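Labels A, B, C and D are assigned to the chains in the order they are written; within every chain, residues are numbered from 1.
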Amino acid sequence: MQVRPSEAGKTAARPFRFPVRVYYEDTDAAGVVYYANYLKFMERARTEWLAAIGFPLAAFEREHGVVFVVHRCEIDFRGPARLNDTLDVTVEPEFRGATRLVARQAVCRGDAVLTDARVTLACVDSARWRPVRIPAPLAARMEIPA
Amino acid sequence: MQVRPSEAGKTAARPFRFPVRVYYEDTDAAGVVYYANYLKFMERARTEWLAAIGFPLAAFEREHGVVFVVHRCEIDFRGPARLNDTLDVTVEPEFRGATRLVARQAVCRGDAVLTDARVTLACVDSARWRPVRIPAPLAARMEIPA
Amino acid sequence: MQVRPSEAGKTAARPFRFPVRVYYEDTDAAGVVYYANYLKFMERARTEWLAAIGFPLAAFEREHGVVFVVHRCEIDFRGPARLNDTLDVTVEPEFRGATRLVARQAVCRGDAVLTDARVTLACVDSARWRPVRIPAPLAARMEIPA
Amino acid sequence: MQVRPSEAGKTAARPFRFPVRVYYEDTDAAGVVYYANYLKFMERARTEWLAAIGFPLAAFEREHGVVFVVHRCEIDFRGPARLNDTLDVTVEPEFRGATRLVARQAVCRGDAVLTDARVTLACVDSARWRPVRIPAPLAARMEIPA
């Protein structure tokens, strides 16, 4: 497939990357990052990605009355991160529906992918916890074909 | 001070004890329980103590519109707890004021006190987060001279 | 496939269930259990299941020099657990290979399945973190056809 | 008390500050940062302070065979931090003995001190977990009169 320069640029801009340092709090007695904590790292990166495209958490719920909740997560743990590592956590949206969003995420140390995941997020009404449409201004900023 | 048998008995009945098992999630790369996690264990024990004297968390806020928040904590880490330990976490209220409560707590493995703390809790209005009087029915159940 | 009564009984005996109480530490500002914490609940239940079939964590690494690490997790978040809920966390091994184990797990409140997952565990050498065969005495106790 | 310019300068240079963003993982169902998590923020800041004066965690144990463990913590919770807050966590060493260090720490939002603590750290042999002298090169970098 031929890629036009403008599209190539867009692709190169992705995925979003967010650095995370590993502290004692993140590790366990096996000397590695505790498995559930990779999900914390991934949520930090999603939060920063949303802020980077114009939707900081605080404004999000206040202005639109919605929150994103994780509906499904498929995560592969390929290699351990360790104390004091500096990791990059990536976010790459791959599908956007009316009420949900699927993102690819990875936790990397340099070129090595330690953990990667496909995360399905549902947009829900923050009061009743029911699926609602992703607000149009946010959907527009996500740049993913529905 | 002379203690009457019935009072001695009451004292002996205290402190309240709650068992906690140490899992991987509680430990860190030094091979021991991560220091902040002792505060989690202590809150679990306080929650169970309140439930044991008739004030489960859910009812507490719904019926009285108040929550207890920790105002101050002095905690000594005397020895490490390790993976798979079974610990006892104790709660012993030592002072009750109009709006606050001071409790002594310890995390023990058998006879060894691994960590002990004095925790000051404030009773606050759950809506405005301001100090309010400890509800009378709860104060009555605490059996500590104000 | 026809099931003989004795086998039906065995099946009914499973899955293993472990109770978990939701404390403040488990919840987040959305008022529900934070998504990564379901993985903590699931690991507690796996640890207790292993202990129940004769393999407490401490003995496990000391005697066999192996640990189980999570290789993959597919988890569906179907409904939120909340503060003070008492949950049941289940473990049901569904496949055992030479070096890995796949378990179905669920977090339930009464009859409602709030979260369920398929978790793939690898048996690794605790020194070099390489896959090794599940020790025969443990494999024998798992009662799952390889 | 009169302060000479050179001392004023030194004082102004301190304390060390480290920024922390509040994510969902840090909060609880009361809508605020869970109390034990301030201790995580404080340890992140101590780790970054040690790295800033030349002692990154990894090198520390490898080269000197020692780790710092928290022996005592007195912490006052003055006001709640909330989701999406950007906080500054400070570290100001106030006393250095042969084997221990006392630091003042605070968690601030702008000019408001939300939590402050006095933390006593012991330098221990990482193998036997016994108190040992703070390595001379590190002590020299701390610039606190013993």
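Observations on the structure shown:
By our rule, contacts are C-beta pairs under 8 Å (C-beta built on N, C-alpha and C of every residue); 3 or more make two chains touch, one makes a residue touch a chain.
Computed from a predicted model, the values in this text were never measured in an experiment.
Taking each chain's centre as the mean of its CA atoms, D is the chain most distant from subunit C. The chain pair with the larger count of C-beta pairs in contact, out of A-D and A-C, is A-C. Chain centres here are Cα averages; for subunit C and subunit D they lie 37 Å apart. Between the Cα centres of subunit A and subunit D there is a gap of 30 Å.
The mean-CA centres of subunit A and subunit C are about 26 angstrom from one another, to the nearest whole unit.
Looking at subunit C, one finds that residues 24-25, 30, 36, 40, 43, 83 touch two or more other chains.
Residue ranges on subunit C touching subunit D, taken from their complex, read 24-25, 27-32, 34, 36, 82-83.
Partner subunit A is touched in their complex by these residues of subunit C: 30, 35-37, 39-40, 43, 67, 69-77, 80, 126, 129.
Those residues of subunit D that touch subunit A in the complex are listed here as 21, 23-25, 40, 43-44, 47, 56-58, 83-84.
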